[in-house]
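You will see two complexes here that share chain A, one where it goes with chain B and one where it goes with chain C.
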Partner chain A sequence: MLSTLSDLTLMAPELWLAAMACVVLVADVYAGGGRGTVAYLLAQLALLGGMWLLLADAVPAPEALFGGAFLRDPLADVLKAAVLVLTVAVFAYARGYLQGRGLDRGEYYVLGLFGVLGMMVLISAGNLLTLYLGLELLALSLYAMVALHRDSLEASEAAMKYFVLGALASGMMLYGISLLYGVTGSLALDVVARAAAADASDPVMLLALAFVIVGVAFKLGAVPFHMWIPDVYHGAPAAVALYVGAAPKIAGFALAMRLLVEGLGGLQAEWADMLVVLAVLSIAIGNVVAIAQTNIKRMLGYSTISHIGFLLLGLIAGTRDGYGAAMFYALTYALMAAGAFGVVAIMSRRSEAELLDDYRGLNARNPWLAFMMLILMFSMAGVPPTVGFYAKLTVLKAVIDVGALWLAVVAVAFSIVGAFYYLRVVKLMYFDEPPEEAAVRAGLQAGTVLSANGLAVLGLGLLPGALLALCLQVVG
Partner chain B sequence: MALTFQQFLFYAFAAVLVGAALGVITARNPVHSVLYLVLAFFTSAALWLLMEAEFLALTLVLVYVGAVMVLFLFVVMMLDIDLAALRAGFTRYLPLGLVVAALIVWEMASVLGPARFGPGRVAAPAPHGAGYSNTKALGETLYTQHLYAFEVAALILLVAIVAAIALTLRRRPDTRRQDPARQVRVRRRDRVRLVRMAPERRPAPAASEPGGRTGTEEA
Partner chain C sequence: MRYVYLGIPLAPLAGAIVAGLFGAFWPRLGRAACHWAAILGVAVAFALSLVVLWEQTLGGGEPWNGAIYTWMVSDGIRFEIGFLVDRLTALMVTTVTFVSLMVHIYTIGYMHDDPGYRRFFAYIALFTFSMLMLVMSNNFLQLFFGWEAVGLVSYLLIGFWFKRETAIYANLKAFLVNRVGDFGFVLGIAAILAYFHSLDYADVFTAAPMARDLTIEVLPGLEWPVITLICLLLFVGAMGKSAQVPLHVWLPDSMEGPTPISALIHAATMVTAGIFMVARMSPLYELSETALSVVLVIGAVTAFATGLLGLVQHDIKRVIAYSTLSQLGYMTVALGASAYAAAIFHLMTHAFFKALLFLAAGSVIIALHHEQDMRKMGGLRRYMPVTYWTALIGSLALIGTPGFSGFYSKEHIIEAAHGASRWGAELAYWAVLAGVFVTALYTFRMFFLVFHGRERMDEHARAHLRESPKVVTVPLVLLAIPSVAVGALTIEPLLFGGWFGEAIRVAPEHDVLAGLAAHFHGAWAYALHAVRTPPFWLAAAGVLTAAVVYLWRPALAGLAVRVARPLYLALVHKYWADDFNEIVLAGGARRLGRLLWQVGDVLVIDGAMVNGTARLVGMVAAVARHVQTGYLYHYAFAMLIGLLAMTSWLLGLMR
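This part shows the complex of A and B:
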């Protein structure tokens, strides 16, 4: 229950973002000619303001509002900060692409802001109801954003598939949640956690767990609930694929963390077994099928699936180190995905550069852009000294520490297979002849953000200690 | 085991509900499906009344049956659905679908049977006194305990509106639309021109023309 109004400062970032999303909505209507510009600047202001409000009073210990429905703890603060930073970068990359397509309208930014709000609600969820509502706020914004390019048949098809499959997965998850409520009589995650710890062999609880896992796996995109990822990344405009591919992965991690670790931590042994299957299949199918792709967005889609497999490995370990490693993986993967899709969005400004062949000889056309893509591809492949190597290393170490050596071996074997398609992009960029001579311009803003993004991937790989320590501290 | 009147009502309504739900997915005509759905909603409302959730039951009838489903009915009537194409793979997929459905029902029944959710496990809620208002109780819960969730739900509806408009509103050059601001600002002299002219005699209708035409058309 709300005791005083001053308690609301705990949720100041959310309130600010909700208000600003409405301001952007109205300002966009009245802005007239240069509409995209006003919406874009206001959206960036909203994100940076939210960031400032978030960091201005970061909480040292968990605090709850509305009887536990809203939970603000250090974990939530770090994840929200990451979501906000990544979305600033995503909007900066997306701008040029949207302008070139006549899509530079306020709706992209409004829906993007509501999506961010959904992620923040989800990250801060203290009960099953707000968890689900945050998830739906995010998902609805994403469905609409994928369909935003109405004249594109591919985008409509992708949106339709995403919507139908997403609705099905939401329904599954909601059914699991209703069973949890039926067994425990409460929506609060801490009550559910106590019930799960008290009786880990309750079959109803296990049935609920199975349904909940389906929902989590779908939102993350783990095999066999992955079919939407390649289609959505392929069909959606590059600016939207960029948005879908980056920050929502952090939200997916938060969902798994809140629901599985905090809510159903007592059933860890059971859900870890299910996640093992999902993780192994994801790493195998993601890496192998990505090799066959000729479309870079589709390839990045399958690469996402394999990375999700790695993220799940950290959760499977079930230790504090494992959760910290999974969080580190989620944050750094989202950073890499934002950068890689950012390059795709920059390349696609004048005409769609979706095929791998469009990246031939990029070094001759824009050496810096090619170098950034090189860092990002090396990082995704897990080549030292980039952060991708360190993220994989910490996850594998956590898995080996709990004695699941075979899992680590399988993961390493398939990531060696996967290195092929990342290095192929590098080979195309550096050793092939460019199809055209025209230089590719990134523009000042997107170029600066991309440089920061690429160098962060490199810098975090050289000095991962601080971020990793932060991750370990907040999950504990 | 003697059946109390209330139990009899419950089983009767439950049977109608399941029948109506089956009707929704098996009816050949989409309009019939919608009508079955109306029946399902109405029967659920009756079940809720049995559980003393009067406000929710009435809202279900008023909002869903009264407004949403009627709108749905209009939409379904306006859709041009190719029934033959929809039913194309029906017989081919039916056996597999039936097996999967039977499996799910068996699995769920074995876990969710009366052994775990029967009256023994979950106590019946205490009946309320005559002065109890569940509208008030619902309002109190909604605006205190679940205020946050309520507001987030409102945001979801806002996103739905934004998305629906963004995806369907098209500004075509040949679309005729009103501009209320211009309509309000309009002056008499923009629309009406008063012309001073001398009165004229209306010419008499020609004698060769057959009768029946009135003079108003020429006025």
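This part shows the complex of A and C:
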């Protein structure tokens, strides 16, 4: 299997992260006094080191390791780089929150690093087993993170729900995988792909498809497998909601790409039909129910659901443009979500600022923070010239190109409905009286990262060409 | 050379930015720094335009037509910023920058005590930039940009004293009336784009003769040649900007702006943009006899009817404003008679002497502490010698005294109207001929009322009367020189030498100026010959009448009012044009707007559609959120239902 040791360099970032996660774990135990600081710095070092290892050895051509179980291709490299960058930002936002709320221990960073490792393994999966391994590593880290605030009843409840539902979804997916194995006799995705292409009408294969879609839809949070999202976002501490809301969406996209597009591409027509229903329901329910929310984390949860619907549209198109658009959507949405939750985390340092009313008059308390939130909200609503507009546009274009005009019309109609709750946040920040006068301080670190994040949302909206071209190139 | 061309509009723009932005955000930058920035910008532009003028005339340079920057290419149509520099452009930029420079210098004195000093300099420098972009353009897009930009600055400057109710009313009026014109203008440009697929002058002019026979159905069953439609639509724009009847109503009100603005924008340059535009479009207009007739008639009506209005005004600036309207009518008549060169010639001479008259009026207004009513003036000759003599020069030029610049230009317009053979030329000839008498009458009525006769100002004002400072009088003198001399010096090349080359195209059968050339034997001989023509005697009669009525027998004025009471009433009410607009057009629009608002907006759109859907969505959301019960088994149930639905769908496909 393993021909030479040098092949391991292909998975050097993963190896490094695994080692560093352990180092952080140990260091956290032995470090005294300001324990969180050591763990935080080591964790950031781990991420940056992983980034360096990834970029130092970026492979132009796909390569496989362990008999095809681990893939290193441009798609994987780009997605991993995005995950690492976003996690650096997420840790920077989370730091102030964790300090302010007495959670500043190494656990968050250790679990976060293991989650990143899981995502990277999932992204590189060339085999159903690797896929499942990465998925579970990520999921288990997330369950524990949601429960990080042990004294909080809400957080524990959210973790419990997440765990039970996650286990259910995971079990269904595993069942689907076992069916696939039964039909094809192999766990390798390329073998599955060949079998699916050869006989698209095998009933067992279709049954397996239904089960694995449940796993994908649960991971992404598409209706009706979305129920965990509002409760988890609401119940989890802001720093954890931030983590859950950002990078795992990219992993979810990778899961869909590997499993549905690469593995079951032969059944595209069948799973696209499924996804149409899920996408329309997600866009509709996500946008409509978000309006009724008074809690910003919950609102962002429903917003996530609606964005996932848009992401699915790109996959439904089933063309290279569609996949590229979906990838662009996943990357940019994760960027917006990181920023929006970052603002929530910054606001929640002293006490959980999770009600929409807590954002009243933010402009008077911290104009820059309010302006960044404005950009992020505009971007989520899809207002030009922010990147959210461009992401929606490319997805819709891909859908229209394959002749599904009605789908685009429905999506646009509901995103107009959705614009309401994003603009409401802007209205609260700029036109309402602040509940208290005290200025909100973002701190140098979180402030810098947030500025970069917000300006990236704006900058990518003005110059989306390069990233879009990259997405199209790596999915092809 | 392209850097020279680029420098001409950009120098005033830089001045505007420095004076405007730095003036506001950096208060330590003194007032002097602001006016120096603006003046320097315009002075550079003037120097560069002299270079261009020299290059285009004596230097033997070829016309230059090229793009500077491509904004975008859409569907094969290029949207560019580019310059067309030929003799027409060179003449225009030189005139504009010269008058603008004079006005800039004059403003130092006129606006000396105004709190909006910096803002004012920023605006006028910005105006100069916009006007230069307009005249230098080589395509319709940039023409439209300049057109709208000068309109914007005009709006800002009419309302410069924005705390005055009347100023706000006037600038709104100017804005709205110009909208009507611009609407036609933009439709014209759209028609050009639709039929020629290009916005570039050169392309359009080349393609235009081929489009001669194209027709368009403007109303069901009514076919018009496309070229005629385009020309008429463009002319609607010119009517707005150059204040031709019936879109003239904004110009007298624009006198609410500071006097330097009246001189620069509402007399010398911006209002002539329409004239310039038609001259620039001569290759199009030459193809449409109908459009030229319309132009001719509109110009004739404006020239005569608005001149009469000047007779009953008491505000010194309004008299000059009506005079401007009338003179714009003269230029339009020249355009309609295919004597484009004469129109541009009059445009140039008029720019000098009208700016001079306005600035002289401004000088009087400063001396009387912003009193503009001529009934409270009189006898100023003794107090303000420089203003007096320069105003006299301006007045003589305006009425067309032989030898002065206005004489040469106006005389040829009258001759051209006489020589033209198209429909309406007869009417135009009599209108402009009668206009000479009216012009002389209102001009010298104003002149005598202000500078001669009894001193009617109050004691306090009389005590403070003195000549204006140097920054005011020097521009007056500098403008007086071209007002006298520029006509005699330039008439021969401008009108008869084919000087404009390809810039102005006249079909041979329309070329009235060529016919006049035969009778022209030098500027002096022409001036001497004038004594034997009717215009000279009409002008002399006008001056004499003014002298009798306003100097020697003031009672005659009252008698005239009583005798010709209906006419007097019509004039005092400005032919009821404002009342008509206010009651019928504005009132009608308001009533229609109210109806649409009440029924369309409040009831249907807001009530049923917007709030209706919003309420519906709100209700759905309120219900749907309860699906999220918080119970784990409900969530799991939903997932199972989803799975079940999917499996049954897929297995259903099997059968």
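In this text, the second predicted complex is superposed on the first by the 476 of 476 C-alpha atoms of A that agree within 3 Å, B and C clash if a C-alpha of one lies under 4 Å from a C-alpha of the other, contacts with A are read in each partner's own complex, and residues count from 1 in each chain.
To be clear about the criterion, a contact is a pair of C-beta atoms (placed from the backbone, for glycine too) under 8 Å apart; a residue touches a chain by one contact, two chains touch by 3 or more.
Computed from a predicted model, the values in this text were never measured in an experiment.
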In the overlaid three-chain picture, which partner chain does A:81 touch, first (chain B) or second (chain C), both, or neither?
neither
Taking the superposition on A as described, I'd like to know which of chain B and chain C A:288 touches: first, second, both or neither.
second
Applying the touch criterion given at the start, work out whether A:70 contacts chain B, chain C, both or neither, answering first, second, both or neither.
first
Counting only touches as set out at the top, which of chain B and chain C does A:201 meet: first, second, both, neither?
second
Now for A:133: first (chain B), second (chain C), both, or neither, which partner does it touch?
first
Quick one: classify A:141 as touching chain B (first), chain C (second), both or neither.
first
Taking the contacts chain A makes with chain B in one complex and with chain C in the other, which residues are shared?
203, 207
Listed in rising order, the residues of chain C that touch chain A in the complex are 614, 617-618, 620-622, 624-625, 627-628, 630, 632, 634-636, 638-639, 641-643, 645-647, 649-651, 653-654
Which residues of chain A touch chain C in their complex?
160-161, 164-165, 168-169, 172, 201, 203, 206-207, 209-211, 213-214, 217-218, 224-225, 227-228, 230-231, 270, 273-274, 277, 285, 288-293, 417, 420
How about chain A: which of its residues touch chain B in the complex?
1-2, 18, 22, 25, 65-67, 69-70, 105, 107, 110-111, 114, 117, 121, 129-130, 133-134, 136-137, 140-141, 143-144, 147-148, 150, 179, 182, 203-204, 207
Please name which positions on chain B make contact with chain A in the complex.
107-108, 111-112, 116-117, 144-149, 152-153, 155-156, 158-160, 162-163, 166-167, 170
